[in-house]
Amino acid sequence: MLMIEHAGKALLRSHGVAVPHGQLVRETADIEQWRGPYPAALKAQVSSGGRGKAGGVARVETPDEARAAALRLFDSEFQGERPSALLIEPWLGHERELYLSIVVDGGYGGYAVLYSPNGGVDIEAQQPSVYEVGPAHNFRAHALRALLSRAERDTALVERIVAMARRLLRVATVSDALTVEINPLAVIDGKLLALDAKIARDEAAAFRHADIAQECAHRRTHEAARVARALDNNLMMVALEGEIGLISGGAGMTMAVMDMIAAAGMRPACFLDCSSNPTPAGYRLAFALLDEDPAIKAILVSIFGGGTHIDRVARTMSEIMRERRCAKPVVFRMNGNGRDAADAIMTQAGLCNHQRLEDAVAAVHALGTRA
Amino acid sequence: MSVLVDRASRVLIYGIAGNFGRFSVRDLAAYGTKPVAGLAPGRAIRDVDGVPVYASAAAACREHGANAALVYVPAPMALDAVLEVIDAGCKVIVYPGDGLPVQDAIDMRAAAREHGTVLVGPNTPGVISPGEAKLGFMPSFCYTPGTLGVISRSGSLSYEACWRLSGEGLGQTTVIGIGGDPVKGLNAAEALELLHADATTAAIVYLGEIGGSDEDAVARYAARPDAKPTAALVVGAAAPPGKKMGHAAALVGSQADSQAAKVQTLRAAGVHVAAGLPQLAAAARSALARVNK
Amino acid sequence: MLMIEHAGKALLRSHGVAVPHGQLVRETADIEQWRGPYPAALKAQVSSGGRGKAGGVARVETPDEARAAALRLFDSEFQGERPSALLIEPWLGHERELYLSIVVDGGYGGYAVLYSPNGGVDIEAQQPSVYEVGPAHNFRAHALRALLSRAERDTALVERIVAMARRLLRVATVSDALTVEINPLAVIDGKLLALDAKIARDEAAAFRHADIAQECAHRRTHEAARVARALDNNLMMVALEGEIGLISGGAGMTMAVMDMIAAAGMRPACFLDCSSNPTPAGYRLAFALLDEDPAIKAILVSIFGGGTHIDRVARTMSEIMRERRCAKPVVFRMNGNGRDAADAIMTQAGLCNHQRLEDAVAAVHALGTRA
Amino acid sequence: MSVLVDRASRVLIYGIAGNFGRFSVRDLAAYGTKPVAGLAPGRAIRDVDGVPVYASAAAACREHGANAALVYVPAPMALDAVLEVIDAGCKVIVYPGDGLPVQDAIDMRAAAREHGTVLVGPNTPGVISPGEAKLGFMPSFCYTPGTLGVISRSGSLSYEACWRLSGEGLGQTTVIGIGGDPVKGLNAAEALELLHADATTAAIVYLGEIGGSDEDAVARYAARPDAKPTAALVVGAAAPPGKKMGHAAALVGSQADSQAAKVQTLRAAGVHVAAGLPQLAAAARSALARVNK
């Protein structure tokens, strides 16, 4: 869950990190409330990257310019996303722009500090210095200092960066953040100021952070209604533009089947992984969501169950098929723990359970071309 | 032969009184692996199907010589449960749960490494050495003994893949589910080292997906002059960028995360990459054909 | 810095700990805003302990009763402290009251978990179970479980307490708290609810917690003006009711001199340790504060300097004595690093520097009896 | 003899370019203790009064065999600096700074113990073994060699006390400032063990204050059958309850924290407790009179 810049900066400030004194602008009229100086920066609050290059940050010299820029920004889209708000801040002159971030590094199994002496919009092209920390208590200022002293000549600045990295790492652990990225980190009179903040929180840690839980719930209300219903019921759903509905189990297997559908010249209508809620209620909801979507021509049920015992799934499926009032064709391919009992249940219900995935996809293909 | 588990494995089941625990008591025993003791914190239970329940992992290990553990607890309790079995001396631990905060995964991993313990998971079905032993809940019928070492980021994909390999006569030494989370107790590079050191494993099959950096580790391994021949499948070609596909780590953020980029990196390192599931067995066969050449 | 109950509960809630849904009552009229149920609890927000026994918690059945109780509580003092606000919460029936806290244990060098199966107002009389954690990453749920299972029979409850202790320990580390005490911790339908919260934050960690820094600054504005001026300038001051002003260095030495003043039958007017700001500005302020207090009859300057070099202090003292426009007698006893130069400076300035503390105290006594 | 420091101590001064650092370069040398190297992070300095400045503690230790460190840095940098000198291999570290968050003190202490390092501080003037060596900034003239081991929670009180003891012919083996913070690198119980094991230390003088639990540790020690005779002074009789008296730990919260309660506990354990500073030398003499009886 990526925090918007304004929330990220508030979090940084609460931990003693210097950030500009800005104000949130929820609608253009809020510009009147701005008591800070001009020139000011007006920044679109979006979660997509590359905002700067896409014109999402405006320098404004007067309230009139600020209003005009606000109108334009509220009306813009950044990678398909409209800004939920704008942030207005003093436009600060600075000597240098640095890059500093804390990330989680899967290969190393912990946190890493990334630094580049050249921050700003083109960071993707840089090769940052990487200090692999691991668990946070392994952080050693002297190891980072040794690394930075090769990338950065200003020794007094090195000390400030080391202290800032330590602070940002604390922000990461304390707030369960997976990324705490400051780009640019400005140098003003030798001191550091975070001009931007990209903080990604760990949604899995919502049970110990009321703010993550609230924000996740809030964002679901902004998802397409059917995706929200799925997520609310522990079904992992990503909606796609396709005609083959997919009810599946397991992330990797779901993607493998999507790839097979695509390889057969069809388009999957969704990623829909029911393995976190393999109950009658869960599967019923999955069918309801796909049945009501007119773009979907056929449904493939593909489950290779380990923890999910497919005899139970088969029983659920036969019930759902009996009750269901939708004519969309459904093709089954279920395998895994309990498969012998599952086959018997399906046969008894007069349903065909394909033995091989290839056969199931071919069956869908045959239907799909007819649809 | 096998890695991580074998006929000497004596399994402690943490959370033995839940659905998964009760299933594994029967399922492991049916596979010839001994569930010797269990834990059921908060429940006043003496045994599950004859397997005794203890108040602490230390007591279970002391009384029954448990040396491996299967930990079925919800995410908020997972770090504590894993720390307990590490302290109790289990040297192989499988934690299958998903939804674990990454910070807890980092702490688990660090604690395990400090104690010389191998932690498999989170978000994994576990480890199986066909015909030898299992420590997990994968469907046993998918597996047959053989010479392929298998590593997978995805549970159900590994069942499907091994079921296909077995059906084509391509048995396995050990199948390791490393899991789909960003921070893993055992990552691809470390799982590869285990299989590399295993004399019976002739070739390696890797089942990857979009996102993360494990595929880079596989490519680095395959590029080594002493590497065992390696085949791979990477799923997620049809996944849109910027969306998390179920697994916490399965997200195309940058170009390097995409299925196409990963396939290219693996092929450049000499890995036999299958175009899709239907081509996996052929890729594995190609890898095996290179053994001892 | 002890958080008031309401702030402490908000902190707990933000970390996923269950607390009652209460509202802050800043003045009696705020009772009208209460939308929660009756009966309700109305609780004085004070930092002193023993509030319950002193009548600081009222059970009210109706809005009228609530208003009456609010008027009474706002007008009460608890160990000399008037409540800054009240907290109104639903009055919750519960099966049991437990005690659970995280404290810092100096002897063990880290955190400890304290538990008693009998919470409530009389906890001082209990002998709680103590789990010595040390550094937070040493926390082991199984060690605490083993300990609790001797103190607590309800095994399902033991698991909830273990999980709660883990959560409270996280609150302590994340928020730099020295104490996180829940008393009582209620059991309602087998679940835990924090009915009170006593959270003491570490003021030394203000540099990484904006909220601690703000609260410390806020509380200084409520100190007596001269104590606030001292603290603002890094002089550690505690005002007392006595007639002998003391300008000193080092906490232990300051207390030793206070004890000697008391042993000589006089009363120290303050604890005033200048060792954190041993500059001309610091000492000038110290004199200004004591000079303007009419209750103070004489001033004793007692400094045994290590890090503070007393030749520099002597130079400062001679300057202050030259400038000073107050007739209150001052007795000096300075020793430590730089003492030979200091003696010379004092002699040259015509000031007497006593060699022994006994002599200085006797000199003050001679003055004091005359005053 | 001495504990913690001796003539073989080779001192690294962290923060050598500040006022305290520059003073200690001269002051230690004047006492015969070698300041062999320094650190001055963020400053481009080659040496201070001829003592070379290095970019890392590891380099300083490697080049000059530093085995002790005196760390003069502000509280927000203190944990990092102490971790660095621990990693560099210094076996005795003094951190005099005050205002350290307790959590950082906990982490420092844990890291030091893990590495078998003795950390003295925070909030201490350091350690001195009169006539042998000093690692701190206490006024040297207060100390003379002798047979008393001294432990103090307060810096300036220890100068005053030792100056009095020395003036009465009661010299010291080693004087350890354990500091006034709640969590200490070396606490009273641990300092007592060091002095107990030191053959030259005949009796112990403890300088305590209100609050905390160190006085309980002294009482526990004194009650041991093999304890060395112990004298003590506890200050803060005139301190009001509920107010922090300068030191973070010096606060009378409960009855046990008060000066009177502590004196009672110590006396019950056989400690010779002085009524005040003027009576301290007599109490120490009483303790010494009990030696070898």
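Some notes on this structure:
Read from first to last, the chains carry the letters A, B, C and D; within each, the first residue is number 1.
Just so we're on the same page, contacts are C-beta pairs under 8 Å (C-beta built on N, C-alpha and C of every residue); 3 or more make two chains touch, one makes a residue touch a chain.
None of these values were measured; they are calculated from a predicted model.
Centroids built from CA atoms put subunit D at 52 Å from subunit A. If you average the CA atoms of subunit C and of subunit D, the two centres end up 26 Å from each other. Contact with two or more other chains is made by residues 137, 207-208 of subunit A. Residue positions of subunit D touching 2 or more other chains, listed in rising order: 76, 107.
Taken as a graph of touching chains, this assembly has some other topology, since it is neither a line, a ring, a star nor fully connected. Pairs of chains meeting the touch criterion: A-B, A-C, A-D, B-C, C-D.
For subunit A in complex with subunit B, the residues that touch the partner chain are 104, 106-107, 109-111, 124, 134-136, 138, 173, 176, 178, 202, 204-205, 207-208, 236, 238, 240, 249-256, 258-263, 268, 271, 273, 275-276, 303-307, 309, 335-337, 339, 357-358. Within the complex formed with subunit C, the residues of subunit D that make contact are 20, 23, 27, 75-76, 96, 98-103, 106-107, 109-110, 113, 125, 136-139, 141, 152-160, 163, 180, 182-184, 187, 189, 207, 209-210, 212-214, 216-217, 233, 235-240, 242-250, 254, 259, 275-278.
Put simply, subunit D touches subunit A in their complex at residues 41-44, 55-58, 76-77, 80-81, 83-84, 87, 107. Contact residues of subunit A toward subunit D in the complex are 137, 140-142, 145-146, 149, 155-156, 158-159, 162-163, 166.
Contacts from subunit A toward subunit C in the complex involve residues 13-16, 137, 167, 170, 174, 207-211, 213.
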